[in-house]
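Here subunit A shows up in two complexes: once beside subunit B, once beside subunit C.
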Partner chain A sequence: MRAKRRISARLGDILQRMLGPVETGSRQRLRVKAQRCRPAPLQPRYGLMMLPQRMRLMLERNAKRNLPLIYALIGVPFLLYIFIVIVPLCISIFYSLLKWDGIGPQSFVGFKNFATMLKDRNFWLSTTNTLIISLYCVLGQVGVALVISFLMTNRRLKLKEFHRTVIFFPVVLAPVVIGFVWKFVYDQNFGLLNTLLRALGLQSWIRLWLDDTSIILTTISIPVMWQYIGLYLVILMGAISAVPTEIYECAEIDGANWYQRSMKITLPMIWDTLKIAIILCASGTMKIYDHIYIMTNGGPGRSSSVLALYCFKTTFDNSNFGYGATISVMLLVFSLLISWVIQLLMGSYGRKNA
Partner chain B sequence: MKKITGAISWFFINVPIMLLSITCIFPVIWLGYSSLKTSTEFNLNSFSLPSALNFDNYRQAFQTAKFDVYLFNSAFNSFISLALVLLFTFVVGYLLSRYRFKGRGLVYGVFLAGILVPVYALIVPMFIMFKNVGLLNTRITLLFPYIAFELPIAIFLVDSYVKGISKEMEDAAAIDGAGMLRTMFTIILPICRPVLSTVVILAFMHTWNEFPFAQMLVMKAAYKTVPVGLTSFTSQFSVDYTLLMAALAMATLPVVVIYILFYKKIMQGMMAGAVKG
Partner chain C sequence: MKASMKWLSLVMAIVLLGSLFSVAAAEDKTTLTFMHFHSVSDTAGTAKAFDQASTEFMAANPNIEITSTYVAHDDYETNLKVLVTGDELPDLFLCKGDMLASLANAGKIIPVTDLMDDAWKAEYLDTAFGDALVNGTAYGFPFQMQPNAVVYYNKDIFAECGVDTFPATYAELLTAVDKIKAKGYTPIALGNKDQWVAESCLFNTFAYRYVDGTWFDSLKNKTGAKFTDPAFVQALTDFQALATAGAFNADMNSINNNEQEAMYMNKKAAMFIEGAWALGNLLKDASDEIKAATEFAAIPAVEGQAGGVQNGVAGGAGWSYVIKAGLSDAQQKAALDFYKAITTGNYGTYALEAGFVPACKTSNVDQSKLDPLFAKYSALAATWTFLPIFDVQLSSPVASELYARTQELLIGATTPQEMAEACQSVLDAQ
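Moving on, here comes the complex of A and B:
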């Protein structure tokens, strides 16, 4: 046994000499890393540890004396936050049980608003629209961002820093501005898209982009996708850069190509971040409003109505405050539900793969 | 053979991403130069560069469309809420990470839960509440939601940053006789400058671009902000596209300048905010 091992060690030596710098290089690096991992020798600390007992007591007493000040300093922002976020959250549940036009008398109707909602065809249309747009956005934002972030690890891709900076740029623009810009892009007469199609000789592709009910959900999703690809790209690239490079080096030595490295190493290593990105994207798209208000305002007809838009229209245009609050509550419920479902789905899949 | 496949894969990797990058930046450039055209020029050819620099659209936006009022209101909201967000998040973040006191868990928990709340669901109840208190349509109406929504993520950014600062400095300050406030503002504040600048930039982006709250809570023309002002352009001047483009360009310019100056910081901040959330 021992002889065998000695032989294999000898073989290793010979192999090492034959294979040359690659092998020794990575070995050396590993050795250096191992040294780095060893715990540092204990050194005397000249900090609070060495303070005399009396001084420490004094410091603690100081902290106690400051207590009213601490409460005052934290209290102001905390109360502001309670009144602006937590209180409306609670009263929205209360108002969802009322029938109220915003001015006249309020009458308590129990769960009648929720019953109306179940039968309200426009509510369900808005809900399905919102869900479809969310699905598009998850695929279009996180999916495209994932592909690009994989490509960013490819040596053939040039100008990586430029691409990252430029693709992130639309994230910081106002959604209202994005809505207007894409309205110009889609415009049927002078819009960039149709001008481009005409120039390329693809007249048959020209559509009334924002007036065609059969494609409206796709056309209004594209600006939203386009705006936020950069955000998820940066999140995923951050996660990829946290994967230790040694793993990639080993895989490369073993002959894994870029595709295999992406699928077998990167994807499992960034699974948690991917999950967060998808939750963020789906629950973020549930409350989509600005882009659609600018581009179509729910039209043509009600074909591009979404939950937030429907909620505001019921409340402020039809002055149905009770029912508006009901839809608000549902908006809240849906966003929490969707994050929970994604957590459930991706959690189990990830565990099976890992 | 290998060279050819290499060239093909180079093409398929570089070209689509380059196209995406161009689409990301071109609309804004187009917006910029189109706003310098006259309407007739724009209607003839929407793609071409302007034949001469023509600032009439900008002049008109200020004179007839009262764009200066919107700009002032947006700037007012942004700066006041920035100052208060900065103060609040620094104080709360620092105290939460350094001091143990009764109710600390509650404060922490409420702010943490706040990250999960989709703020759009709050507009209707907030409208009702503000109406009852008489806070609708005032100059300070929007400050309340803007400050409150910025708090949770900013507090956690500051909190985790302060946790990384060693405590010895504060102990030394305390032994030298500095009180809590003095330690906080003269010793910790300068150290926290990087994270505070991230907070400021993110808060500015959010406040400057915010639309639904500004639209619902403020109906008075004198207090409207830039994003809401932009929507009034289409209803009043439904045909004048170059005028609208000038307004859009002005609404975008501050954000673009800040992005060019601080894009690394913005990416870091958004990433941290996203991963925390």
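Moving on, here comes the complex of A and C:
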């Protein structure tokens, strides 16, 4: 009986960790502040308590008897994850040590591919392009989404649902579709953008949107930003809706304006979510491929080449599977590095403010 | 869950699995998988002729079942490479010349020279197997013999701009470009987003005004000739000068070859240069006015280049149908019958009617069924000498480097010397 209770307690603990965000310093502080405003204690809102009572009781009561079931259920996705992520990853790392054309025999060359890579002008060009696009996307996606989500907290704003749906809409489209749509928007002769500029009498603004190497990175970043603003908006709005409304009411009574409420309450309260959003955005943009493949195919020349596209072209167009794998390994390293750097920068800022 | 239910679900799962195998055993048919790029919805050119010949074959051979997979032309090579790597090749497939050698050397496809009898061999044009050879043995069946570079030009636009005859030399072409530009037309429509058009259809033949087939063989076999030879670098320099002179549309790197044809058909461009396959699209889609104004020409000669072939054109079969190694005897026989039907016999007639030259000899063709435009083209093409296509004969890494570098050359992102050196270093690494 005791063992059973211990297990159920641990299970509850695990579930609580999975379902509810961990309390952060800033949130605790704000909660104390909120309690000062309104003495009634806050109901626990997270973790097991969020499940319907019947399900909660069933889980707790049957925890021990259902252990095999629980492990089986966790095991299936775990095995899947191993086979579709971990195993291919290890194979990729192994391939990166080979010289292999995909058809003939493989020969082991050690770190020779990595040495080639260090001197490869196109690799570094693609890396720089990828980093620049990532930067654009973090600013253009999370940045804009943050501003919009602040605006959404404004009570005077009407039709919030409508705005959210419209902004979220492009997220559900396939990147290939977005690529084609924007290829037509940018088209020189009958594209939406140039037609609009002509109609407004702004002929001098017309540029060779997809052929001008000096602006190409900006041109191809805009569709990507446009597509994913909605995703981060929904994530950030979700975080904002979890901030107890009492705090805002208090702040309003104290005379805080919209800007102060956004900066002093919303921002610190959603800091962790913001951090996750930025990491997702930066590391996700490192993999960017579809949009660019459709719009420019890395061109003109190689001026819009990004790592994933360069990896693909090296592997399949040049039949250099070993070197292609080397690039993909570096892509992984860069993504991890960026996530780590963001974690480091934003983590310390968060603590300082807590 | 009750125990009986558990057992029941297990039994049902096994039954479900078992049903997967039952399909294969049932019928006494020879089945083959086949991958190609002839779109069924395309009613022009090679696709139309293929469709006619293969439908005829299927009707005549109900005991042979061929499951076809269509992959769009521009994605075809990539798709094929993925299948090769995963060892999931279809039994029969179309293959471009630059991949044949590596597939043949790895033993993935079988040589076909000895599988044909003499009568069958005699049905093909003499040079038809040029792009299907690996060390002198044929590994595939060609279905077309097309030049990669035909200049399609609108004589009305030329007349309007004061250019009475098509420029015979490079210098005249530059003058014509200026005149056409002055009237607001694009001199040469170019859609090079997919990178092969500028290299394969324009530059390749242009380069043959400076170097010849012997030079190319020497380059390919690494017996002396190099990309960095002065004549080749001069070809690159003059080709870049054409772009600098504004011969092409400014958005050349964001549109593809279909859009380049569209520019011509919409009368925005005075000419475009593409393989003879574009004629099929022109016959199908162009207005009568455009068709009536269309004339054909070769890429102009370059004066003072003794090493070049002034009437030469890069061209040939390019692609050929190949057979995967390890098929059963019945499958192999069915495959050969199928390939015979879709490359020779009636196919030749269908090809001419669809507006392209097949790889087989043709006889008893009803001339009245042929489009006059096609007849005009055939008469001109008969005077040309076919030369090897760079991106078919060289291995695919070199071809890709040529593609990418030609695009960079056109926008001034690389110099002719740099391009030559880069291509040579990729070739040396093979």
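In this section, the second predicted complex is superposed on the first by the 271 of 354 C-alpha atoms of A that agree within 3 Å, B and C clash if a C-alpha of one lies under 4 Å from a C-alpha of the other, contacts with A are read in each partner's own complex, and residues count from 1 in each chain.
Following the convention adopted for this analysis, contacts are C-beta pairs under 8 Å (C-beta built on N, C-alpha and C of every residue); 3 or more make two chains touch, one makes a residue touch a chain.
As the structure is a prediction and not an experimental result, all values here were calculated from the model.
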item	value
Subunit B versus subunit C as contact partner of A:290, first or second or both or neither	first
Touching partner for A:321 - first (subunit B), second (subunit C), both, neither	both
Subunit C versus subunit B, contacts on subunit A by residue	B
First (subunit B), second (subunit C), both or neither touched by A:170	first
Subunit B versus subunit C as contact partner of A:342, first or second or both or neither	neither
Partner chain in contact with A:300 - subunit B first, subunit C second, else both or neither	second
Contacts of A:210 with subunit B and subunit C, given as first, second, both or neither	second
Common ground on subunit A, meaning residues reached by subunit C in one complex and by subunit B in the other	102, 316, 321
Touching residues on subunit A, where the partner in the complex is subunit B	47-48, 51, 55, 59, 62-63, 66-67, 69-71, 73-74, 76-78, 80-89, 91-92, 95, 102, 148, 151, 154, 156-159, 162-163, 165-177, 180-182, 184-185, 190-192, 195, 226, 229-231, 234-235, 238, 273, 276-277, 280, 283, 286-287, 289-290, 293-294, 308, 311-312, 315-316, 321, 324-325, 328-329, 331-332, 335-336, 339
Contacting residues of subunit C [partner subunit A, same complex]	77-78, 81-82, 84-85, 102-103, 105-106, 108, 193-195, 249-255, 268, 395-397, 400-401, 404, 407-408, 410-411, 413-414
Subunit A residues touching subunit C - in the complex, by the definition given at the top	101-104, 183, 186-189, 208-211, 213, 295-297, 299-303, 313, 316-321
Residue ranges of subunit B in contact with subunit A within the complex	6, 9-10, 13-14, 17-18, 20-21, 23-25, 27-28, 30-31, 42-43, 46-47, 88-89, 91-92, 95-96, 99, 101, 103, 107, 110-111, 114, 116-129, 131, 144-145, 147-149, 151-152, 166-168, 171, 174-175, 179-181, 205, 208-209, 211-212, 216, 227, 230-231, 241, 244-245, 248, 251-252, 255, 258-259, 263, 266-267, 270-271, 274-275, 277
